[in-house]
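Common to both upcoming complexes is chain A, partnered first by chain B, then by chain C.
Entry: the complex of A and B
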């Protein structure tokens, strides 16, 4: 409850934020678009945690899903296609006080921005990275994405896409210094919310792949998953996403999974990539991995006098 | 004394007399790894400490480990020592130490010498075990003499052996000692310098090098008849000695930059090398990104969050950064971009100089992207411009490109030590509350300038976007907003231009020919102009620091000269080449820009041999242009 601490003392902060404090205008996504559910979930988390809007920065690339910052009433950076992660890392590099959220599409992250994706994972800076995976390019009107299922008919592959899809979870679990990998679905708001909350709590780059319905271009891809929850595998356990028993009942398939076990995580991702037993929950978490901001923050807040003295010492080195 | 630009005359000298010169150019050439550069740098430093003007430039082969005794492998250093300030590498050297005859050929091919140049040549090859080498050496010496070089064959290695067991390691200090004697450098100063350079390596190393130094000095007393003197000029200010990239690094720190994001690329990298070891002293950090796109993205992210940031690169890196530069212009993110230009196009000539990125800097991005572009013309400006650029970037809420080039990056010379005051540094990030009534792009109708909210400022929340946007930074769906936004961003350049002064003309304010330059060619151009004017030619020059916006008053200045031409290091068609007409001629980059803005029929002379322009070449061109007439 608001203001009530665990020792039952009450501390009332000056400001209290309601959901409206995080809402930035009417979202212009298609009716039924999965992005809306993510937006609501993030706003709720910020409200629950009473995160000041001015201390929150939502960074995105370009795509339907990258419109995300515009619908938040926080600071936002709607930048270039594929380049959300370098910008987000730059924001964090010297401003550890800012809460950074990244919204990126499957084209944005796994295609044009794939190089940055690998390296941002390795930098492991404290932020939540939400991969809005609708298995297609939405904004540019239905081209094949790296995560499109094989055979998907798109405007660039009218006879069906040629190659098997890239699996973002398998990829992530192979990148050096990965520290948090989870998967959830937009159509289960409880699990979505709980997963993003866990991601937000983790210090490091928390990568959450959100299977996201695109009713306009890939309705069929997700319809079956949505209709038949037995295709999903709910990961549970002490260290996993905790959801209400009523919600857990929806998932016929459940498995205990310890997120510290990267081998088990890779096996789950591999099975899921075949389209059966698609895991939802936290696959991997390791809070001990180094975070790049611990290095880039060096010298933060050094006084002007010390700067001047440092510079003078440098100039002395070159003096004749 | 043979005058200010005199070449030493090689003549047997009586002991004790030295030829007094206004300047002397010395080279040390060798295979790479023989320490020539270290010796030359020390010679430069000693001269600077004695009060001479100095310009030092390394001679770098393209390969890291080229084959020994090869022409293409010529490695080493050129040190130009003068009585007054030296601003460029000058023309032919008067004195050269060559550790083998093949590398000397490499430099002859670059036209580094002229008849009369004194060559102190390692003679051990004469008795080499290989017949081929013995023959190459003997033939070369005869050929050098036929070309008018004054060759002194000296058993340098053998002489070193008396002092050290491994002459491969110590020969460079022996050479330095020799040069100190021949060039009239004080041995005591040299010993101080050597103690400073080897300070960290302990007393033993210092003493061994002192012995080599002294041995070289005495060896020259006995074996080299030539002696030169370049009297120093009285020094009035404190000086520092750096190369252009170190100067950029010092400037970045003096500007209070907190973040330098980069990806390695020659010839820009050494600026970041320097900063990586130094910037923590002023509380900053260097981020080596995964590529140039990420580097600028990272810097933009930091800047958006209120931290001053820059990125340092060269042409190919600038090309990759283009989309982000456009975003920084569109969304008005302050950012300093240092471009150390090299030869292009494409991977081009990575280690060589060119001024080929001017138009790419101005117009490289799709759409209208007005931004500030400035070019450093001296080492001192390499230091000062990042400071100015940081301020302009913040005041005008825009990216600023600072152009330097490989010539400045590798040139070393003394220049006045900047008197840094705390106001040079960026102020701390403003985190006070923001009045929500003030839009994030509250463009001033005349200047286009608007105050910028920083994350953390309560009430200032906005979403930066590269899409056309309103004053509220909302995605614009109306026809007017894009026009308004472009107008505001364009107005900023006019506003800046109104604060600039017309450039100063070097030489008479009117006359026959005006040469316009930009960037690292300034020293060479002005030296050539001096020479031409001394001979009565009516020529002046003008050097631009601001390329966008252009400095004001150019049209009026140009009107006072019968002919105006630019001299640049980039490609242009020769006017009299086959099939070149006035209409299809492709002109040098500044010429193109100036023609478009002033409507003056501006000519140009430029080339892309990858070499710094030398005063003699410019001087010759001035003569040709004045002869040719017309425009």
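Entry: the complex of A and C
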């Protein structure tokens, strides 16, 4: 009955996590580095979802961006250069209960680790893969990366890089068993947060390429995209990243995109790779693609009785 | 010859480029490169250089690849095509490259690689430790450890001649200590191209791709592998003699004589000897000088060539030793210092050989640290297990 004392009492969860519960060491990235925005977004998502820190694992390779696990107060694995994905697969394959986040740079993932990238996509284990794409090797101080734009002057191409850059979205959309591909930018925290949240919700390997500013070595690379949002194309629709109408207004170019249409996704990625109409949002999502866990986790939850019955069945085969 | 103020990273790149240009009228120069601290400045300098000949034709190519594994693979392909090849790496880069490091030696390709010695991770540490290149001990490469920037430059030129000699045909690894050398500038004499051309004959690899199609790298049956290993071992055994010839030729062309495979210091009448590699040897010498002033009969040996291991030289040089301290900036876990375990057996009967593991992970090795271990050595009645100096002062 209304007004009774029992109605007043709140259902208090046993543990409530605040942002601080996810904060690790003080981030030692350069002022203005896009990595800081990603860190904040991930911490907020975990807080919103009340994900226990001890049930969360951040795995990285080597690079500035791969310092990510140190700044999270979750389990962290700062691995070898290029090897974040197979380590994450190792964790996930036997601990599907853990929430796995991978932080990897354009060098780490698309250069020295590119072989693993193709196969992790095919395994499609349930994890979020964040590609911090600053178009340069940051930690080793400005060498050309596979995603460096043509003409970028670096310490390994002092006259400017000449090869066409690798486009991670086009690559992903060509890999077997791809199940989730999105793109966002570090300088729009709302879109960044919303995109990562969608990635987190997806079951399978969710790949998010984050266009990430490096004020120290590639300040000019994303400057125009940042100054002139008409170079971006906001993907919207019932099944796409939903952001506040006020934030949507920032994007003069918007397009309806159905993420189940891989042909359309490839076309968007292809246009974006030319530097015009760079798509932001979910390009592709297919929750029906098989996950590695679908095959290996069968029977993990089996009861003691069922186990005994199975054993008995086997032993019965030897009955004379 | 001009004197330039160079870091050892730049000295290495300068030497490689000179050697490469000296091969311009043959198959030119090149290599695959990938950055890693504290070596990146070496390959970055190579990336800045232009290898176009006076006729406008390219005489070299530095391929900026996607990993160390590929860097060595590109060197293998180029070397097989008859090109004079170079690359550089360090620490975990070498670890990742290892499969192709072995392959380069098995293919008998005279590739020269500069390695900046850096601690293997994880946890990550960018400072000096010899464990990374010593891991490649059994790879079939020659290995040299340098003490200063001039030696880095000279040894790269020197090893091209040694490696490309038909009696040898083995790749060579030229090592230098992280930061102590790689990022320290020293006055370095840089030879003229004509001098280098005189010292280095054009590379004429007998098994390069020419006009007789063959496939290398097939399948070996046991007896064939035995023969291949025998040939490889024979090539290693030929090194000391060719080394001495190269010393003479180097001296003639450049007016400096590269050190012997083992470099002795104040060894006459020395009964107590300190053996070390790399830059620690300079500090050791200062301690030896002070001890000599006190009238102590001490001397030092610096192992410059680690592969092939200079057993005969060490046996000769240690003939009068009663006590030997072997300093290792590395540790083979489960055994002890690598230099120490390799050197055992070169000492005379009744000589006490004690291993000191020191300066791991870039830890400072100061004169008083060396003095401490010298005191420890003197006070010993018997050897003990390798002493890890940082944790057991």
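Please note the rule applied: the second predicted complex is superposed on the first by the 286 of 320 C-alpha atoms of A that agree within 3 Å, B and C clash if a C-alpha of one lies under 4 Å from a C-alpha of the other, contacts with A are read in each partner's own complex, and residues count from 1 in each chain.
The definition used in the following text is that a residue touches a chain if its C-beta (ideal position, glycine included) is under 8 Å from a C-beta of that chain, and two chains touch if they have at least 3 such contacts.
Given the structure is predicted, the values throughout are model-derived calculations rather than measurements.
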item: Contacts of A:156 with chain B and chain C, given as first, second, both or neither; value: second
item: Partner chain in contact with A:79 - chain B first, chain C second, else both or neither; value: both
item: Touched partner set for A:320, first chain B, second chain C, both or neither; value: first
item: First (chain B), second (chain C), both or neither touched by A:89; value: first
item: Partner chain in contact with A:227 - chain B first, chain C second, else both or neither; value: neither
item: Which of chain B and chain C A:55 touches, first, second, both or neither; value: first
item: Greater chain A contact set [chain C / chain B]; value: B
item: Residues of chain A contacting chain B in one complex and chain C in the other; value: 78-80
item: Complex interface listing, chain A residues touching chain C; value: 62, 78-82, 111-112, 114, 137, 139-141, 143-144, 146, 155-158
item: Chain A-facing residues of chain B, complex; value: 45, 48-49, 238-242, 246, 250, 253-254, 256, 258-259, 261, 278-285, 287, 289-291, 293-295, 297-307, 309, 323-324, 327, 414, 417-418, 420-422, 425, 429, 453, 455-467, 474-475
item: Residue ranges of chain C in contact with chain A within the complex; value: 33-37, 40, 43-44, 47-48, 64, 66-68, 92, 96, 121-122, 124
item: Touching residues on chain A, where the partner in the complex is chain B; value: 24-25, 52-55, 57-59, 69-70, 72-80, 83, 85-95, 97-98, 115-116, 118-119, 295-302, 304-308, 310-315, 318-320
